[in-house]
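Each of the two complexes below includes chain A, the first together with chain B, the second together with chain C.
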Partner chain A sequence: MKFLNKIIFFFYREYKLNLSGVQDILTNIIFFFVSIFIFIFSIGPDTDTISLIGVGILWTLLLLSSTLSLRKFYQEDFENGNLLIMHLNGFSYGLIAILKTISHFIFVQIPFLITIPIASILLNITNDKAFYLFASFSIGSLILSCLGSISSSMNLMNQRNFLLGSVIVMIFSVPVVIFSVGLINLEEDFNSLINILFGILLIIFVINPWASGFCLKLSLENN
Partner chain B sequence: MIIVKDLSVERLDKKIFENINLSLTSGNITILKGRNGSGKTTLLKTILNIIEPSSGSIYWKGKLLKKNLYDFYKHVTYIADKTSSLTKLTVKDNINIWNKIFLSNINNSQIETAIKNLKLENYLNHKVGILSFGETKKLEFLRLIIENKKIWILDEPLSSLDEDSVELIKQTFEDHVAKEGSIIFSSHQNPGIYVTEEINL
Partner chain C sequence: MKFLVNPNKFNKVSNYLFKPVLVLSIILFSLGLLFSFYLSPDDYQQGSTVRIMYIHVPSAWLALLTYAIMTIYSIAALAFRIPFGFIINTAVAPIGAVFTLVCIISGSLWGKPMWGTWWVWDARLTSVAILFIVYLIVIFINLSFENRVIKEKVVAIFILVGSVNLPIVKFSVDWWNTLHQTATISKLSKPSIDPSMMTPLIIMTFAFMMIGIAIAILRIKTEIISRKLNLS
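So, the complex of A and B:
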């Protein structure tokens, strides 16, 4: 029960922190929508073309927008010593990684999920395709959060090049984008493709606490 | 409680310190003295099992620290040389979060007394980011009181504090030691606090 309380209050802490930095979340969403408008203006008024490539555009922009927040994944807690203090208070490095990943999913990715219906209207995406997009991004965004956790924890040891973390996430998210966009365009293969996405999620979810935890340990040791 | 035997640390083939011995029992205060860069923070982090020693061993309650780490962490807390308070939040929010996340067994009236003793009552609704360095340092001590652990490991707790704040911290040290707590802290100056052991690095 005590352990459960600690986890609940960890999320309370994350909620308070994200509430105080709500402008960052809004900036991400604004970036996402401004980018959609730029795509629409650059493609022109042909609704069929926009509709055809809309899903790909949305997935690319969701990926780019969610990588914007990666710099803050562990950085603040690392710099002010909170990672160490949490570790001394019974949170293992792996557990910190899992909790921070779930927190990133809740406070960064879910706002994007909520905006998908509006973005779908702007890109003339049909209702059924919007539903598949929503389903694929629900799973894909958790995969992106796990990848973000690994790359951000690696980046703590590399204070010079923050963009490297975003590049790593984008390279490793290529299979996720392939299967997610395929899932929407090949509707008859929905079950098989969503199972593959689930499979990728399970693999990365298991690797994440181990890999991120190890990087957190190393970065605290070398700090 | 804590025994450090012949502890040496090397980083990037450079000797930071070697053959350090110390013991800390309840009611004791140990000071680590040395110039900047002499390895005080490294020694504190090695005792906390964050940094691997190159040789030597640390014991906690008679067992090797590594084999008794979970129990050790239940009894130890740490102040780094920078503030761990969340600067975007108010002092009150920070206190609430610590109180809940550390599952503190200190009740509200004890916390209020500590806030008054540390003269932080006027800043409860202020964001930590706008507090002075001395006030954030006092807030760190409030965290120690909320965590309510026996062993305090403190990195330069008295640096950049005015005389009144140093007196306040000395009183906090005395109160903690009177309750059978123990303290290891580092300082590059003479703090004017009664200590039971002095380690020069």
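So, the complex of A and C:
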């Protein structure tokens, strides 16, 4: 019971932090919409073309804008010592990674999920496709959170080249994008492709606490 | 076989090994180029462009082999605490990147006359391009960390996570319908290639392997020396 209280306090703290820094998340969403505008200006306002390639554009931009917030995944907590305090309070490194991943999913990716219907109106995506996009991104965003946890814990002690973290996330998210966009364009084959996405999610969810916990331990011990 | 895990033994053995390997690679290269340009027949469909295969296929095999070696050494280094694995990871990554680049460039030079385009987005080509980017990220992680203890372990973890790509590269031609042909030699049944083309291919593979080993020996020795200088 005491341990559960600690976990609840962890999420309460994350909630408070994200509420005070809500302008960061809003800036991410504004970035997402502005890049949609820029895409449409560069392609031209032809409705057929846009609805043909809209799903791919949306997935790419969601991926790009969710990698923008990777910097504050572990970095702030690492620099002001909160990660160490959490570990001293009985959280193992793997558990910290899992909790952080879930809180990143709730506080950073859920706002994107909410904006998907508005964005699909802007890009002339039909209702069925918007539903598939919603379903695929709700699984895919958890995969992206896990990848973000791995890459940002790798780059904790990397002071020179932080863009490397985004590159790592993007290179490993290639299969996710392939299967999600395939799911949306091949509507009959819904079940098999969503099972593949679930499979990727389970694999990465198992790898994540191991890999990022190891990297957290490494950085905290060598700091 | 202790020289594969111990830096001092490696230094001693490589002192004997380096010159024979270099001479062997020069001999094999001249023999292989002679075979591939003059002593092997033209293909009945592709004509003379089939000779690109003698560069393309060995470099592709060695790109995969180098990554597999790096994966094995990362597991050894992390699980059994063999620090020589970290030295290998740092030293061998650029060699693998160069092999992958040679494979991609020769492949696109072959693709233009045969398929009509320099580049197609099919599964084999895309996964090899991803392999190249993974190699580049390994090199960049090596360059951008200041603390060496963290750097080498992060590199090892990244290599382990990135090794997911290896079976995808190998089996991409079987899982998807691709423009790239399926495996002709490295499969379970008998190779479906004529012996007159098989000979230069094997010779060129060994030549590439020898030149790779020679460069790797040089790079590993430099790495060992630089680590010794940093420690003392």
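Observations on the structure shown:
By definition in this document, the second predicted complex is superposed on the first by the 223 of 223 C-alpha atoms of A that agree within 3 Å, B and C clash if a C-alpha of one lies under 4 Å from a C-alpha of the other, contacts with A are read in each partner's own complex, and residues count from 1 in each chain.
Methods note: a residue touches a chain if its C-beta (ideal position, glycine included) is under 8 Å from a C-beta of that chain, and two chains touch if they have at least 3 such contacts.
Keep in mind the model is a prediction, meaning the values are calculated, not measured.
With the two structures aligned on chain A, chain B fits next to chain C without clashing. In the superposed model, A:106 makes contact with neither chain B nor chain C. When the two structures are aligned on the shared chain, A:219 is found in touch with chain C, with no touch to chain B.
Judged by the touch definition given at the top, the superposed model places A:172 against chain C, while chain B stays out of reach. Of the two partner chains placed by the overlay, neither chain B nor chain C lies in contact with A:201. Contacts of A:122 after superposition on the shared chain: neither chain B nor chain C is touched. After overlaying the two complexes on the shared chain, residue contacts for A:150 are found with chain C alone; chain B is out of touch. In the overlay built on the shared chain, the residue A:16 is in contact with chain B alone; chain C does not reach it.
With both structures placed on the common chain, the touch criterion links A:80 to chain B but leaves chain C unconnected. Taken over all C-alpha pairs, chain B and chain C come no nearer than 5 Å in the superposed arrangement. Shared contact residues of chain A with chain B and chain C: none. Within the complex, the chain A residues that touch chain C are 150, 154, 157-161, 164, 167-168, 171-172, 174, 207, 211, 214-215, 218-219, 222.
On the side of chain A, the complex with chain B involves touching residues 2, 5-6, 9-10, 12-13, 16-17, 20-21, 79-82, 84-90, 220-221. Of all residues in chain B, those touching chain A in their complex are 45, 48, 50-52, 70, 73-74, 76-78, 80, 82-89, 93, 97, 100-103, 147.
Residues 126, 130, 133-134, 137, 140-141, 143-147, 149-150, 153-154, 157-158, 160-162 of chain C are the ones touching chain A in the complex.
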